[in-house]
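Look at the two complexes coming up: chain A is in both, with chain B in one and chain C in the other.
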Partner chain A sequence: MSDQATNDRIQDYVNKDDVVLFMKGTPIFPQCGFSSVVSQVLDHLQVKFQSYNVLDDMDLRQGIKEFSDWPTIPQLYVKGEFVGGCDIVREMFESGELQQLMTDKNVARAS
Partner chain B sequence: MSVEETIREKLTAAFAPSLLEVINESDKHRGHAGSPGTGESHFAVKIEAAAFAGTSRIARQRMVMAALEDELAGPVHALSIKADAPAHD
Partner chain C sequence: MAMSADTIVELIKEGLPGAEVRIEDLRGDGDHYAAHVIYEGFVGKSRVQQHQMVYKSLKGRMGDELHALALQTSAPE
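So, the complex of A and B:
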């Protein structure tokens, strides 16, 4: 079980930045194909995003699954709201919904 | 029973799908970090069922993952899910 401190820390992470990606590895060196896809989609959309590498942090790796009630990684948050994992991100990107969501939520752009 | 057959059986029992494709993609991932090399670790599921009507994407994925909870906790390392309600005709 994850503790309250981890839960609070995750809540801080998703509040602090508009777009937050919990992934395996980093955008430069993703350690998983699914994490890589989501990171590339965000790059393509030119939104500013903060990523957290769950492989560096076992509390986070377990904690984020419980926080979101979602058993897999990657996980994308936009303005504090859980959007989904790789399949959902890919579907929403292909249909144009993800671009629309970023626009509607007025997220910060990549500089 | 193979993992693929188990997935097919459990999803059929849970959702009575009008369309179900279970694809074993394990060979595409052989040898990468975290891949167990069992040949039954990476799957893609395409499913259409009336049970998904009016639900969100997140809800549909959660429903499928819940039906396959034992497999995801066990042999299945990665599962790609495309779940929809049947298209209206």
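So, the complex of A and C:
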């Protein structure tokens, strides 16, 4: 079980920024195809997002899976709410739902 | 570690009785699959909840033994 401190830390991360992406690697150097797809979608939508590299932080890597009851990385959060992993983000992007979500939630644009 | 397509289909059908499961081995390495699951019980559930139901039927193997499962879920038309 991940400890309470990690859980609280994750809660802070998802509340601090409008869009938060837990991924393997970084947007510039993604270390996994699925993580890369999601960060590219966010770039394409031109929304500001904060990414966290779970490969640098084993507590985070395990804790995030328990936090959202979701077994894989990447994980996308918008306004503190878990949106999904690569499949769901891609499906929502292709249907236009992701753009709608960003607009509805009044997410900050990338400057 | 890898998993066979049959094992995955079996587990999903066990966990989601009556589900229709179409599976494809993307790379032939037993580690990268695409699956489309059609299940009555998805009605009224969000995508996240639908996927979580499939992951639960895989009893913790998702992300460990099974590295990648490109998942598509829908309720029957």
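List of remarks:
In the analysis below, the second predicted complex is superposed on the first by the 111 of 111 C-alpha atoms of A that agree within 3 Å, B and C clash if a C-alpha of one lies under 4 Å from a C-alpha of the other, contacts with A are read in each partner's own complex, and residues count from 1 in each chain.
Going forward, contacts are C-beta pairs under 8 Å (C-beta built on N, C-alpha and C of every residue); 3 or more make two chains touch, one makes a residue touch a chain.
In this text, all values refer to a predicted model and were calculated from it rather than measured experimentally.
Once the two complexes are overlaid through chain A, chain B and chain C clash, as defined at the top of the document. Contact with neither chain B nor chain C is seen for A:L101 once the two complexes are overlaid on the shared chain. In the superposition on chain A, contact of A:E91 is made with both chain B and chain C.
In the superposition on chain A, A:K65 makes contact with chain C only, while chain B stays out of contact range.
In the superposition on chain A, contact of A:F34 is made with both chain B and chain C. Shared-chain residue A:F82: touches chain B and chain C both.
Note: residues 34, 69-72, 82, 84-88, 91-92 of chain A belong to the chain B contact set and to the chain C contact set alike, using the contact criterion stated above.
Of all residues in chain C, those touching chain A in their complex are 47-48, 51-52, 55, 60, 62-63, 68, 70-72. Remark: chain B residues 29, 32-34, 57-58, 61-62, 65, 72, 78-82 touch chain A in the complex. Here chain A touches chain C in the complex through residues 34, 65, 69-72, 82-88, 91-92, going by the rule given at the top.
Touching chain B in their complex are the following residues of chain A: 31-34, 69-72, 82, 84-88, 91-92.
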